[in-house]
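Can you read through this structure? Questions will come right after.
Order of writing sets the labels: A, B, C and D. Residues in every chain begin at 1.
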């Protein structure tokens, strides 16, 4: 491999291009996704030019668009929907909860419903209270609705295919902060940190410090937090000689804890990090599962890190102080391990 | 018998045997449901289409077998007009073996090829646009037929979908069964303006059907439906109709006068008056058929019972 | 007290009447709530006749109705919204998430937003897949959105006042199964079981077996499950000599665990029961908190009971087998305590 | 100078000093924002109303101080036309002390008594109906003025709210700034039919404003606004207008011709041509004022910085 790796947004864009090229059943629906605009975050660049019949730029009608996707899925097609800001997926809740996911099973037989809703989420970009949230947790635990999160470890092409092969609706949450970051490839992040996958499906990426066998703290975090946690990991090692490992799952729900069990058993402490605010979170769910599966084997309860439980302010310094940052992770793990 | 009762009432012409049978099947099927409810043999909710049966029966002749019908909460008639399967539907509603959706969906959530119903108002219109979008691409002249009531125009989803349908020129036939009431709320308390205006606002073709004569309705609508297929383009067809019974089970709180006015427009009475002898025969046959059907289905074990 | 206690639906109806009578700022908005119909579950009976200007029966426009309530709240009014079936609160998600709750804080000062959304929820009534769900968990962890659940222990008049006094939006989930049940009053449920409250605010009702000091299992469950858990409690005692206590909180989120700590410390086991399916639930959140607060003091991980993770079928036998029943609670607690 | 440039352009009459000042304040305020963005001094997003400034300035004279304005994502002009507080708004957008919402809301989420903006399309119409419902009950002649764009008619919430507004006869003034584009999507790709038809579908009074002459607009709308207060009843007022700049920051992908056509309708050019001397003076003053304002606000510490 020569030159720097692709940016995440390039990887995602390429993944979509590949998908469209090989599968005529794939559609993209969303606001302002047509060229030359190519979507608010440029993820759909070039698609409408190459595949004009299957790339439909829409009015501002999030709810109906997901309904349309449901109709296409019923006809055996494979629609992908882009919600411009994940915060607006609130407007699609009914179609996802009461129609698309329900249809898989509520008619007494399995009705295949392949559809993916893509949602740019997250803060640290100064977009303010209604354009910066992490709504993931509100969609957990809906039968037949699958949740994924974009990551710099997981190739988008593989991921999108996997999601569309489920025969059930899925949401892909894409932390906006990722778009400009580089993908990690080849098992090596830098001279200090490598990565591999814990399962044959390559669902769980695991980043580790080279030449360190121990693990003071196993951190579980979705893709958007990877860089912040990696930075904290490096610093915890260099400044505190604390060894962390990071697991980044592609699929958040249903969550497959099995491949993590050996690591969990060996780790002194377990920490789950999310950018969303606490309360009914994915992290709480993971924590409860870890407690159940490792009862009596953990040194301390799972450390749950979330952003401050408040509205996300627009002003940069206020926003930074509200959201989980590298320093949040660093301080919490240091304190927990030193306690 | 007076002349008025021996001659066809205004707006009722001779029905094909099959149409009369279907009409009466739906009527007696749903009357039986109400009886079963009263006897405590059914749970949940059931929305009968008493008074509106002629709508799906009239439309069915205009639909192709490969069209996709998206029905709503008041869907028994839509189903029975399209499929000769009263047994599967009754079993579904009663939760007995042989249920078309294995007892999972119940009255409001039915699916089989080319047919689907849902219980949440407004949902089916955008879904219908998605189906129609696909059908447009197939270029096969198929259409998506979506049923909604007047009250469902309260949902924003309907407007979002209508806008998309017209922008994308998809073959969507939006059938509005305007029975002038939504559950307990009369039309003028839930709708400002009217349905014609709503279609017009989106530049969507609109046709209003006032009568109950099935043959005439088909003539009236033939070109509208053909246009949806041919152009393709969406159309809104509004039926000015009446709900004879309660919204669900026995929850009718309308005053006697209102109900009487609705009953006066019942196709049942009109056809009965128009063709008394023939009607009586068919009516008795449908009654008998449904009575036997109920007995047969009731004897079956509940779905999901493990022996 | 003579005669049987009020039914829960009567208590709720009376609570609303009292609210309207003393506070001119209170409104009720919802579909088919006007007399003589009085709402799908008859909760609003008589209100439109007495207070025609403030009881507004609406078109089928769940999203807009909650938006209207937001506007009224902005003007210092106190709207109550009835969503006919809680399953349709999905249609109000945006107004609750991105407007009503956000407005309390996103303008940099506190904006009082008193509004209550009432949602009949739950199954065991044969209404089928889209009219029987428990959407509570999807609303957990939204800053400034408060979640409550109706219960046979908590007087509705007190509860509604408390919710409207928050100055923040709140949702009241009402398990439909409760409406026909009797309120519990006077500290006594029957000859075997009594109840009291754990906190001065009377948030946490606690039901206990008379003359039993030990507690083999502390059950935490929202109001809709109270009768099922009480029945299991009685049977566990009579058939297995296992002593349970039941805590029914009125407020689900934010959840105040403090008043429960003494009980939790003494109980051998802790069990959280919900009718909703597993995954990102209130129960997982409570479990995670219990594990954190009682680390090293519990005999076993918190037992989490949920309905089968599936669509809720319409047919009565299928539905019964899917949802948490008395027997689910009985069997699980017996097995856990005997393990 | 040719005659065409010295005489008032068609549709521009003498402006009151205050109106001209406000227009130019908004223009230069937003131009400064774009500069700050380009310099990397602002984060997130900012939607300027370049070309549309005359709308809130014209309307403001028709609004009472006790009316409630519900603005949207493109709200700087709405705010500046109503409140003499460019400093509070700039501080908000820059995240500096003195910010009208303490830096929490930012460009899209502004609140002060009688004024509120939100960043999610369509949300403010039902909220406006709620406000208007309360104002109706007060019987004080106050109204709720809600701003939306053409693209926002994609949202079902708008229709749900319009239906309620007309059913309940509340004093809602729905102001539609139709700039023929939503972000990157031209009107004909996002809207079937038109806005007039939508108002008519709900029986709601409708008025269309084509020109940019502030005095004439006020005359045209005086009776419409008075009617909203007096009846009370909702009304839709559509402004046929142009977006001169990008949707947000620098994301304009329109072709040169389209942008040129928009610029040709810019009130700024027209007023400049009509009253060159007076305009130049006021323009220079506004420029200066904004430049100084930026310097002043930039010097302030960021909100939330703990010393």
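Following the convention adopted for this analysis, a contact is a pair of C-beta atoms (placed from the backbone, for glycine too) under 8 Å apart; a residue touches a chain by one contact, two chains touch by 3 or more.
Please read these numbers as outputs of a predicted model, since none were measured by experiment.
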| item | value |
| --- | --- |
| Per Cα centroids, the chain farthest from subunit C | D |
| Averaged-CA centre spacing for the pair subunit D and subunit C, given as whole angstrom | 44 |
| Inter-chain centre distance, subunit B versus subunit C - centres from mean C-alpha coordinates, in Å | 37 |
| Separation of subunit B from subunit D, taking each centre as the mean of its C-alpha atoms, in whole Å | 47 |
| Subunit B residues counted as touching two or more neighbouring chains | 99, 103-105, 109, 118, 120, 153-157, 160, 163, 167, 189-191 |
| Subunit C residues counted as touching two or more neighbouring chains | 58-59, 61, 63-64, 87-88, 91, 94, 98, 102, 105-106, 108, 128-130, 311, 313 |
| Arrangement of touching chains [line / ring / star / complete / other] | complete |
| Touching residues (chain side subunit B, partner subunit A) in the complex | 68, 99-105, 109-111, 116, 118, 120, 123, 125-135, 137, 144, 156-157, 160-161, 163-164, 167-168 |
| Complex contact set, residues of subunit D against subunit B | 153-160, 162-163, 166-167, 189-194, 197-198, 200-204 |
| In the complex with subunit D, residue positions of subunit A that touch it | 31-32, 34, 36-37, 40, 57-61, 63-64, 87-88, 91, 125-131, 311, 313-318, 321 |
| Touching residues (chain side subunit C, partner subunit A) in the complex | 87-88, 90-91, 93-94, 97-98, 102, 105-106, 108, 128-130, 135, 137-144, 253-254, 276-282, 284-285, 287-288, 291-292, 295, 300-302, 304, 309-311, 313 |
| Contacting residues of subunit D [partner subunit A, same complex] | 42-45, 92, 95, 99, 103-109, 118-122, 151-156, 182-185, 189-191, 251, 253, 302-305 |
